[in-house]
Each structure stands twice: as C-alpha cells, then as structure tokens.
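Chains here go by letter, A, B, C and D, matching the order in which they are written, and residues are numbered from 1 within each.
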C-alpha cells in the first residue's frame, strides 16, 4: 500500500527530473494539498467519489502547470543557478503548507469511509478495502501514464523534449508546452496519491513532508529520472519501512529510510538504473 | 619533455584515441591538428589528467604522470587553457590569476586566520606576480573587472594568464585563436612566441592553418583517433594522407 | 585610511553603547543576542553556500549538535562552558567532515537531499534518544558561560560576550576569504573543471568549507543553548535550516555584510510580526520565494553598498573589489 | 527567370552576454540552391544557423525573412513548422527512442503524407529501415547522421539547414552523406550547408559565403571561391 503511494510520488519526481533536470521539493506538499482537496470535495461538498477524484486531479494538474509557468520558467529563463530553482521549490512547499493551514487549519481530519464494510478477508488476513482500492487506482494511474508516454504522439514528444530539448525544438515541438504538461502530470500524480492515502492515514498538514522525502528516496534508489526504476525503488522503501516497523521499532522506521537513502546516495548514487549525479561529470 | 606512448581511450565502444604516441621537445612549439572529432581535445584531456587512458603511458620529464588527477598534473608543471573558455567568471581578472598560483604557494588555514608575517608577505607576492603576468599579456588595465565582462579575445588571453601563473614548464593551448579576427590572431602569435622565449614548452591545438604553419616547429596530425602524420609544417602540408583527411582533396 | 579607521571606531562605539539604551528592556537584548547568534550561524552557512557554492539544508543539524553537545557536557560532566562550547563546535565540524567526505561529489539537488536527511536524522535522534537528550521535553537549566569568576548570566553581559565572539569570527571569515584558501574555495564555486586544472584539489576544499561552515554553525548552536538556558528538538527542525537559508539569501550571499543584514533583519522583523502567530513560516516561505525569483543576490545588492560607498568616499575600484571578493 | 528568395538574412547582430558573436551578417538563399557557409571554429557559423531557426534569444538587431515574411522573433517550433528544418551539429538524435520514433518526431507537425514520406526516407537510407526498432543511441556515427538527416526530411522541409554534417565521420561516409545532400537538393529541397570541410562543401554547393569573426568577408560562386587565393590559403590549407 504505502509502496504504491511512494511510487506515485517517485514517478512525479522522475518525470520532472527527466523533463527539466530539476529536483522539485514540492511533491510532498502537493500530496498534502491533493488530500485536502479530496477531503473538501468528498466530505464537505458531498460529491460522489469519482467526481471528487477527477476534480482533484484536474485542479492539481493546473497547480503543476501554474508552478512551472510562473515560477520555474522564470528562473530557467533568467539562467538562474540550479540551486536557486531547488530553493524556489522548497520555498513553494513552505508556502503551500502554510497556505493549507490558513484554509483548513492544523487539525487531523478523518476521511469518511468509502466502503460500507470494514474489512475484506483475503485468505486468513483481514484487509482494508480502501487500501486495496488505493493500490488498484495507483496501479491504473501508472498504467495510463505508461501508455500515454509510450503510445501517444504527445507522450513521445514529451520524452523527446526531455531527452534533447534542442533537437526537439528543431522538430516543431513546443518544448515549453511539453515541460508544463510534465509538471502538471507530476502534480496530478501527487494529488492522486494524497487522495488515496487520506482515507487510510487521515489528512493533516504534515502528512506530505515525510512521504515526499521518502518518495524522493525511492526515486533515487530506482535511478533518478527513470520512471520504472522509481516504482521498484518505492516498493523497496515500502518494504524496508514495513519490516523496520514490524521487527525493530516504528520510531526508527523514518531513520532507517533516511539511512537507506544516504547509503544509496553514497554507495550507489546512480541507483539500480543509471543517472547523472556527480558534480564533475 | 613530454612523451606520449601508445595512449588508448574509448568512449562506449568508440575508440576516441587509438595508440597515439608523440614526443614534445623541450622549449619547442608543437602543434596538433586534425578535423573536428579527431581526438585532439581528448588527447589534451588525457595529458592534463581529466581522462585516464585505458592503456599507454604519459611521461613528463621522464616520470609517468598517468592516473594523476588534474590538480596534481598542474603541480608537476603542466598547465592548460580550454577550448570553451573556463574562467572563474564572477570574480575579478586579477583574482583569476591569483588563483592560478595556488599550487606554487603554501600558506595554510592557521597562518591565514592569524595573518602571520609569512602569510601577509605571500599574499603581497601573489598579488604582485599576478599583476606582472597581466602586464605581460596586456590585461593590466582590466585587473579589477570581472572576468565575464572581458571581450572574447581578452577572455582567451586571461585563460593563458591564469595558466602561466602556475609557472608551468609545458603549456597546453586548446584552440587559442578560435573566434579571433586576423589582427588578434597576429597578436596572439607574437604572444605565443614571447611565452616560448621565457623557456616554456608549448603544445597547441589549432584550426587556423596560417597560425599553425608559421608558429609550429613540429606538427602532428590526427584523424579518427589515430595519428596519421608528423613532421615539419611543410612536410605535413604535402603529405597525401593529411591532404586527404583534413586539408581537402581535389 | 583615516576615514576607514573613523568608521570602525564609530561602529564599535555604537555597538558597545547599544545595550545601554535598552537597560531594563531585557527582552530586546535577548532578541539582539539571538540575532547575533544567527549572524554567526548564517555566516557559517555563507562560507559553504555563498563561497564554495554547496547547498546545505541540514544546518539545523549542526546547530543542534552544537547546542546539545555543549548543554550535555556542561550539565552532566560539569565541563566549563567555554570549553564545552568549543568541544561542541568541534564535534559539529567532525560530523560535517564525515558527511562531506562522500557527499561533496554530489550535484546540487542530491547534496540538498543528503543534507536534509542528515538534519532529519539529527532531529529524530535528539527527539528519541531520551536518556541523553531528554527527548521532546528538552534540556533545561543550561549554565551560563563564565571566564574566571565572571559569569555572563544576564542578557546584557551575554551581549558583550557575543559581541567579541562575533567580531572575531567575522574577522576570521574575512581573512579566510581574502586568502589563498578562500580564493580556492571561491574557485570551486565558480568552475570545478578549471579549479581542478589549475591545481586546486576540489574535493579537499569542498570538505574544508563544510568543516569551516559547521564550526560556525555548531558554535552558534552552543551559544544559543547557553543563552536561552533551555533546548528542545523543535528548535532544530528542517524549518530552522530553511530560516538560515532565508536569512542568508535575504541579506545576500558570498558577501561580508549579507549574513549580518539578513540575520538581524529577519530576527528583529519576524519578532515584531509575532501577531502573525502560526503564519510565521508562511511569511518566511513567501520571502524566500520572492527573493529567489526576483532578487537572487539579496538585499545587499538592492541597497548597493558599493555604490553608496563610492559616492561617500570616492574610493578606488580596486579596494571595492577587495571588499566584495 | 527570376529566382524566388527562400531565406534572406539582413544585418544580423548577435551577442552572447559580452561576446559579440555576429556583427552584421547578411546572406540569401534562393529556391533550389545549395548554399555553403564556411569558416573556422568560433567564426559564427552555428550561431547564424541557430539565429535563423529561433534556438537563440532574439538577435540584437537585423532581420531574417522566409519567403518574404519576417521570422526573426518567432519561436523555434513555429519556425520549424513553417518548413525550416535544421540538422544540428553533433546530430542530436533522441538516443533512447527507436529509429522509427525518431523519424515520426520529424513529422511531428505533419501527418498527412506520413507513410509516403517515410517510404522516401527509407529509399534514401535503406539502413534506417533495417534498424527501425533499434534505439537511436545504438547506431554508428554515420547511421546517426543519416537518421538526423532522415528525421529532418520527414517534415518535407522547404529549407534544410545542415550544421557540420561531416563532423567526426570517415571520408567515405562523408562522401556518401554529401551525395545524399545533392540528391535531396535535386528532389527539390533548398539547402543551407555549414561546414568546416570547406572543400567538400564548396564542391557540391552553388554559392558560398566565407565567415570570419562574425562577419561575412567574402561571397561568390563555389567555383570562384575554390580558386580564390585567400580562401585557398586560409581554409583549404594550400600555399
């Protein structure tokens, strides 16, 4: 369950990285934002589930597009140092978090149950149907994204622009459009993740920060910028965490995740797959 | 002075430099020519330690410098300039040259923190020497400008100034005349001769034939990662392979 | 030259006299002391980010190591505070070297990430290692530093104590920057390939700047612990690292005055914005975003001191470049 | 018969920060021609091409018109859509995409006669058909150059601009590529060719421009340039 959520976040990181060579620190807060949006639509506006999630996705997509067009592009155009762009995304995540506090307050919200029954029995184990739904939807989202990127003309042009923007420009591809769509998609993925995780863990301001960092760890482990590596990395992080919580102590599950991340950054920084990490290359 | 022996390097299956050997005589001007992509800059990167060859050896004054990191190579006495200018662009011209002396100076952090006499004297010497070098290259008037505000030609000169600051025995110049007009090229030629007169050995990669033919004592020609010819300028100019690969066929 | 000396004298007299104006306003003095501690911490961050070009989002971690180490050593082992502070800064430096050894090679965003992770680990550690750090309840009754029989136990005394330390540390920073070592650090920021090619051992200087930087920030942490007398994990979150960065960027990095201006303006400014309550971080975030997007070189370049000075003193360009190096 | 001017560049000035890269470049390309732009490294050849195709910021001053319409401040994708295709120096194929995907991106903005154009490209370069499903990065240098050229042709360009097509290729392959350029030209595509291999370029071109330090210093028919003493000395390496 948690692995598939990390997967959605990690794919978002990878998308952005492969398209712009940038690291966005906003993914976690976008997840939180998505969860709050979902909560608002589903609980307070009493909209049906499907409509709520669609609305959330649509709004989150727009948020991503907005971030790219009004902040990131400005910085890239001004030839700002990469690190300033990273800083901008960090600043943005603080703004998002505190904006959410302004709107929704800092309480923990319970997402209303989506299914009537409490548990579903699979073999001998009781499983929460919401978790199953989350995994299924996450999986479907990944499939759709895979299909979109590989089988559609626009998806191919997005991959092309990510690989070699200069050449893509000479191919009559509007690179700025593929870039903001990428940010939109990444943001939408975070939104879906937030919407899915809300009913299981509750909705609150801090929910995104840890998940965001761990999703990032997953992306690193999978080989930064590699969508499929990101998914594998997510399951590794998910498993490490579950085992730590079960056998060592749930307090240290975060510490262990960070240690795994640091170990990967130091020992195998290219991840299971390959990507550029060193300054001197 | 500098001896390259059977050096090989590959980039993903492609042999970028293939068993190249060459000798650079002390205090000579030696040129390396060939079409774009022939492996000249790659060879420079090998000599200056940016790349480590798969096999072969590089000898400097009789000692192998293979596998040295670039900063170590600089300390042994080989300095270089870059084809696509690599200056410290946001700091002043004189500071660029002061940094160039880094490997020849030795004041440490504690001398710095307590400004010992030694450190103060060294600092003054560094500044004076930097100024001398700028004078020599005709850049003195720009000493307080930021490096990036210089014209293209002057940026190339500053690269040379910074390299000279490390008092090299061998100076590698990677396309120093690129983007210069005829007058600037003329000045550059004079400058290179003057540097030679101070006892520095010069290895130069250049496309401008006029410059190469009038400066170089020895010319090596590369194509496709291999050395295809070497000799005096006029010998090379009349070499069939060279004409075929580089200078152009009828 | 005389004018320069005059300026120093005026500034010194002003700084010495400042607390006298606020006798009785202990709260303001506390604020001023906090601001000065931030000046140290942010100057440290400046050495790393502003001069060597390496980002750290984990400086709250070094701040925490400094604060906790000094507090624990002085309380549990009874080590004199001045020594426990130095030891604490040394420990922070050691951790920085340990991090930098492998991390200094990483590109910016990975470095950002690894330093965040470091900061988070330190935070999680101090929150949960109860026997040592007392967990979330924090450590109280941290003693004040003393020299001989003189104890710096009031905010006024602490102010003068800090004034000396800040002056020495800033002087050291300035000396480092205008030296062979400092130039090598700047070279690394400007162009890694060229630095390497011109004889600068890039890796060593990256590690060195990490070490110097964390010494400053670690010492600031220790000074903070002994000023407030109480520390708890919540002062050392990622938010604190971001506050350091915001101060640095607001003031202007890679610049002598930048960290001073940034740290003081934000410390005093946000204190007076207390009405904002919970929304303090919203303000920080917004400030940071606006600076990054609109004035990445910081306040120092908006209020261009160089130009101002040029008008006032008609100094030569050479000296100006010197100041700005 | 009056020839139609396809591309007209007038007094183009371009700066990269403090570096004045182009200082008043003017040139013309007429329909059906092959025009060569020759000069040394750093002379401004690539900058000129990239100014035309909109890959750089707008130039300081000067005008570029395509079939009489100014394109000087347009974005690269609009310019490409008008029919100016550039084959970049160093080929810049999409190395992680298959040969076929690469080609299909060439036709990004025209799908109408996709199949027949693909057929045309495959007849020009049969090797691309063989390698259809391979990733671009696995091709040899010469094959990559063919792919880059083929990809540009997929859009049926009105003007094909080639930047250093001979770069890093064996003489025999260079000959092959240049023959293909001649053939493409015969089939009706106007070509602007930038080359350091001046002789090979002038041999297939109708006219040539010599560029030095951001200025056009000489222009003439290819034959005259090939026999010009100054050109021989500086660019052809003859005495």
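Basically, a residue touches a chain if its C-beta (ideal position, glycine included) is under 8 Å from a C-beta of that chain, and two chains touch if they have at least 3 such contacts.
Given the structure is predicted, the values throughout are model-derived calculations rather than measurements.
Counting steps between touching chains, the shortest path from chain C to chain D takes 2.
By the document's definition of touch, chain A and chain C have no common neighbour. On a Cα centroid basis, the chain most remote from chain D in this structure is C.
Between the CA-based centres of chain B and chain D the separation comes to 32 Å, rounded to the whole angstrom.
Between chain B and chain C the centroid-to-centroid distance comes to 41 Å (mean Cα coordinates, whole Å).
Computed centre separation for the pair chain A/chain B is 48 angstrom, with centres defined by C-alpha atoms. Taken residue by residue, chain C touches two or more other chains at 193, 196, 202, whereas all remaining positions touch fewer.
Shown here, the protein chains touch around one cycle, each chain meeting exactly two partners.
Chain pairs recorded as touching, per the definition above, are A-C, A-D, B-C, B-D. Considering their complex, residues 53-55, 75-77, 80-81, 85-88, 92-97, 101, 104-106, 108-109, 151-152, 155 of chain D touch chain A. Chain C makes touch with chain A in their complex at residues 49, 53, 55, 57, 102-103, 105-110, 112-114, 116-118, 120-121, 124-125, 128, 192-193, 196, 202, 238-239, 242, 245, 249, 278-279, 281-282, 284-286, 288-289, 292-293, 296.
Every residue of chain A that touches chain C in the complex is listed here, in rising order: 22-23, 25, 71, 74-75, 80-84, 86-88, 90-95, 97-99, 101-102, 106, 209, 213, 216, 220, 251-252, 254-255, 258-259, 261-262, 265-266, 269, 276-280. Chain C meets chain B in the complex at residues 172, 175-176, 178-184, 186-187, 190-191, 193-202, 208, 317-318, 320-321, 325.
On chain B, the positions that touch chain D within their shared complex are 14, 35-38, 148-152, 155, 175, 178-182, 207-210, 224, 237, 243-249.
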